[in-house]
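Structure, as structure tokens:
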Amino acid sequence: MTDVAGKTIDVAVFGAGRIGKIHASNLARQPGVRLKYVVDVNRDAAAALAAQYGAQVADIDGAMGDASVGATVICSSTDTHADLILQSAAQKKHVFCEKPVDLTLERARACADAVAKAGIVCMIGFQRRFDPTFAALKARIDAGEIGTPEMLVVTSRDPGAPPVEYIKHSGGIFKDMLIHDFDIFRWILDDEADTLHATGSCLSDPAIADAGDIDCTAVTIRTKRGRLCQINTSRRAAYGYDQRFELLGSEGMLQAGNVRPTEVTAYSKTAVSSDVPEHFFLERYRAAYALEIAHFFEAVTQGKPVRTTVADGLKALELAEAATRSWREGRAVKLNEAL
Amino acid sequence: MTDVAGKTIDVAVFGAGRIGKIHASNLARQPGVRLKYVVDVNRDAAAALAAQYGAQVADIDGAMGDASVGATVICSSTDTHADLILQSAAQKKHVFCEKPVDLTLERARACADAVAKAGIVCMIGFQRRFDPTFAALKARIDAGEIGTPEMLVVTSRDPGAPPVEYIKHSGGIFKDMLIHDFDIFRWILDDEADTLHATGSCLSDPAIADAGDIDCTAVTIRTKRGRLCQINTSRRAAYGYDQRFELLGSEGMLQAGNVRPTEVTAYSKTAVSSDVPEHFFLERYRAAYALEIAHFFEAVTQGKPVRTTVADGLKALELAEAATRSWREGRAVKLNEAL
Amino acid sequence: MTDVAGKTIDVAVFGAGRIGKIHASNLARQPGVRLKYVVDVNRDAAAALAAQYGAQVADIDGAMGDASVGATVICSSTDTHADLILQSAAQKKHVFCEKPVDLTLERARACADAVAKAGIVCMIGFQRRFDPTFAALKARIDAGEIGTPEMLVVTSRDPGAPPVEYIKHSGGIFKDMLIHDFDIFRWILDDEADTLHATGSCLSDPAIADAGDIDCTAVTIRTKRGRLCQINTSRRAAYGYDQRFELLGSEGMLQAGNVRPTEVTAYSKTAVSSDVPEHFFLERYRAAYALEIAHFFEAVTQGKPVRTTVADGLKALELAEAATRSWREGRAVKLNEAL
Amino acid sequence: MTDVAGKTIDVAVFGAGRIGKIHASNLARQPGVRLKYVVDVNRDAAAALAAQYGAQVADIDGAMGDASVGATVICSSTDTHADLILQSAAQKKHVFCEKPVDLTLERARACADAVAKAGIVCMIGFQRRFDPTFAALKARIDAGEIGTPEMLVVTSRDPGAPPVEYIKHSGGIFKDMLIHDFDIFRWILDDEADTLHATGSCLSDPAIADAGDIDCTAVTIRTKRGRLCQINTSRRAAYGYDQRFELLGSEGMLQAGNVRPTEVTAYSKTAVSSDVPEHFFLERYRAAYALEIAHFFEAVTQGKPVRTTVADGLKALELAEAATRSWREGRAVKLNEAL
């Protein structure tokens, strides 16, 4: 195995769960990249994943302490992200970290500072920016196809809520779920929020309300340049994972639609029907996950900038924080309020 | 010409403009209905329309004073609506009136009171409720197809802004344009607003801002039952008139799409394309206009309730008033604030 | 009631059935056209239709003998078409006649001769040419949008077979049903058949086979210029009336799709679905019927050529005859074989 | 690397061109499968492909003579297929061979005989049967969703013709291009041809006619059970690779549509447009190629039957032969005529 620049990057993956497996599988296909360690508190999970790609099981210190490891891929639970980023920065290892950077702005900012000081690449896993449909739409905006962007409408719905235990430690729906939509908003409109209003309800399961959270939200953002964005989100869509957005511009509109498993259309006595969308994020963003990991290693090996930086992670978190405040206090908030 | 109940209803139409012509043409097709008078400050316009259907030109007093006139159809400018409703009520004539009832809540309430006291039918022209697509969707919600309604997203965009002179006297975008969307909201969710947040911008033409108005808006409503509604509106969509909404329910989703002039699909070297939507409201709601007039005369002749009452007109106006206040004051408003 | 050219055309309608009612209703809306007589062997049907439009009931001689009748509209049974055309020609009355001209080429040719000699307008009711979707597609071909036409695929399916009694006297599926498709072929490709191959089966109801007919067909035509056309037809499509075609050209493709009653899309747990097509020809071609009658009277009053002449009727019949022969003899036929 | 059954299968790939690369890449991902040899008359191409997967370059004898090679994957030019199948059979190596088996029925039959005698697995590369859309449609037919199959319409168009030099040695459009469609026909209708009629033209490039071939065809097949199939094919579709079919059944219809690179929809002033289909077979059938190779090795290692046998290859070739004869002789042919 040889890499383009003449040397192989050894990688440590933290977290051997659902998303860790995806990233491991994708990085195994990158030329010049070798999965060296898998780290997980669940040693069996770590061992199984390591075995699949000829890697070793290690603990955090072992992986971080190995100077030959050039990059870390952080897919462990949210509360470990900041520590692992800080340790990676201290060891001058490049970092790919799943969103969010952290549930608190303070610690997320500390990560951003450490990354800047260390001069490492730190990419946050906003994989949606790598989705072929979303990326093509973005390129067409940038090419001026619809003139000046004016209004963005984002629809973001999960097929079902996670367990309430998960929700309790998730930081709330705005940090856990809408953080992706906030990133889409910034990326697509290429603008920053000036004011934000969020409201929501708990309609699917009272246990979510008991945990202090909501399961559907309606967020409106007005940007510094006066552009508008509306985001509607639900933890439960009976028909599956619904990931669409549309952008009205001065010269037209672009829509990003869902992806279907097949292109079969059925005509029955009562309806003409096609497939429901891909079931959930692992299916819907399969291509996006592969492309983001390729992008990360390309950036690392070729010294290119990454598309989703730790600064993007911070900005999305600020929006999530503002949305939480707006919802709790029942008022629109200015983004320059101290958060 | 005979009518179902054995007598012909003579009708006076006020306003011989675009929408007056539509209604005249549609009521001429109703069995048992005769267009007797056309009233317009522009006598030539009145004469031309009257001639087309064998009617006479009259002034307001002449038409209102003729006891044989059983119903009035009010399509004149907004500032005349309330007076003509009050006069119709005084003369015990049934009324079909274009939206809005009035630009002020006070006068609109006076109309509602007068209608109630007179015991007449008073239908407000929210024609969208009669659109075949919208009406079919509503029937499917009511049949329980998607369980409990949870979240409504309304897209409502015009192909271009009216002249600024019109905008100056329109009462603002919320009363002039979104009043239809507020009615859709109440009808589809079958619920009333608890809180409302509105924001907006002027992005297409600075003259609209100079006139104290905006050209695109983002409104969020949370209902008394905790359901959510987002409305996005623009005065300008380069691709034409965009009238869609979608309702997420506990068991699925229903979408109402645009109507295309033809079902031609073209495959070129670069795209697969179909028609843009019907250009504007006269084309898009052609069927709806015919159905609402038929519904009005059916209600009048058969003593049935109308689908869009003066109370609906009042409620939509209250929402428009609340939205205007929310936008101006930059805050979410409660609907039970004194308006 | 006044007409454009200053005089009103009195019209006699022959046949008060389903299609007669459609035409009567549409011609009643033409300025300068008056329905004077309705003729039907079923006097009650004639009387009911006549009453609706202030017309009189007459017998054939009465209507044909009235010199004030300027045009006949023939919607009676197929076996009466030729006689009524010949009588109309003898009386110098313009003729609108439902397809087919006749079931025999000989009589159809006699009609064409008589029409030519009389110098009258004779339009055959190939209403599909007036369908807004089909007509728009044709205009786009003619404008060169897809370069040179090369291959046409026509899908033409009914929701269900007519009664076997009807089938027995229908002339067979090629003359009764595909005659429309043969006309579409000639119109869209703007070319004439060189060779034709037809096959078919009886798959839905053995009684149709017993009556000597088939219920589904596959026809291929190669034109004089080497262009190809395939037609697939069935008497029964469970999902309704299916009327599509697509034309591949040297620079692209144009498709004509079905029309749906509404634009509602439903997302359930298992499918994303929309309406089945309009149920049958009365619904699907509602606009086409109105436009063809308007076209006929425009042609008559303004001396313009009609889009679907008796010669078109003859050509379509020749193709139906050739297809019948090809199917029966199990071989491809040349169109210049004596038919 | 370990395989399911406890031993690794060594594979020799013949042909290092476009399709050889696809298969090599896919088989490299199969657990228990090792690419041992790449054989190509172009040694550089062989060496490049071999290097990519750690394989060796060999000549035919070297690869065939190595008893450790358990399977051959034949992607070389058509005229080598039969020889390589025969040699594989002689060496008791399982075979995956690209279509067609051969351009002559005689040699193809010899291959079928040799395969049967050797008792090896021989799968023909009709990858379309593995396309997720086509396979899902087939499963739904088999589940009875649309009742009894009645009429199949296949649309099969390439984005552009291959070089005339290729066409001269291709065996003609029916053997080169429609052979896939003939296999789809047999698979989807689960029936055999009784009669076949083919016609065609050369419309895109006179050089193709000079080479004795045509570039567009229209084929009709009537099956032994009376079902109908129409296939329309063109070497050139300006909008890309068009691969659709639809099956009418007694209870409904199923359509298989094209696949688009992205789900972006654009609304401009004049059209609502989406992507053209995936450009050509390598893109369109990317998933199918991966699935067919997985299927082959699963069949080989687990002793399961393959979905596309050498008998299927033979049947498709017979249809291609019949179509060629029908086209050349201008007549419908019976499939039991001596071919």
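Read from first to last, the chains carry the letters A, B, C and D; within each, the first residue is number 1.
Simple rule for what comes next: a residue touches a chain if its C-beta (ideal position, glycine included) is under 8 Å from a C-beta of that chain, and two chains touch if they have at least 3 such contacts.
Remember, predicted model here, so these are calculated numbers, not experimental data.
Colleague: By mean C-alpha position, what chain is farthest away from chain D?
Modeller: Checked the centroid distances; the maximum from chain D is B.
Colleague: More C-beta pairs touching across which pair, A-D or A-C?
Modeller: It is A-D, judged by the count of C-beta pairs in contact.
Colleague: When the centre of a chain is set as the mean of its C-alpha atoms, what distance in Å lies between chain C and chain D?
Modeller: Taking the mean C-alpha position of each chain, the two centres sit 42 Å apart.
Colleague: Distance between chain A and chain D based on Cα centroids, please, to the nearest Å.
Modeller: Centre-to-centre distance between chain A and chain D: 40 Å.
Colleague: For chain A versus chain C, what separation do you get between their C-alpha means, in angstrom?
Modeller: Using C-alpha averages as centres, the distance is 58 Å.
Colleague: Specify, in ascending order, the residues of chain D that touch 2 or more different other chains.
Modeller: Only 146, 237-239, 251-253, 266-269 qualify.
Colleague: Sort out for me which residues of chain B touch chain A in the complex.
Modeller: Listed in rising order, the residues of chain B that touch chain A are 146-148, 150-151, 153, 155, 157, 195, 197, 199-204, 216-218, 220, 222, 226-230, 232, 234, 236-239, 242, 248-253, 330-332.
Colleague: Chain A touches which residues of chain D in the complex?
Modeller: Counting only chain D, the residues touching chain A are 132-133, 136-137, 140, 145-146, 251-259, 261-269.
Colleague: Flag every residue of chain B that touches chain D in the complex, lowest number first.
Modeller: That would be residues 237-239, 266-277 of chain B.
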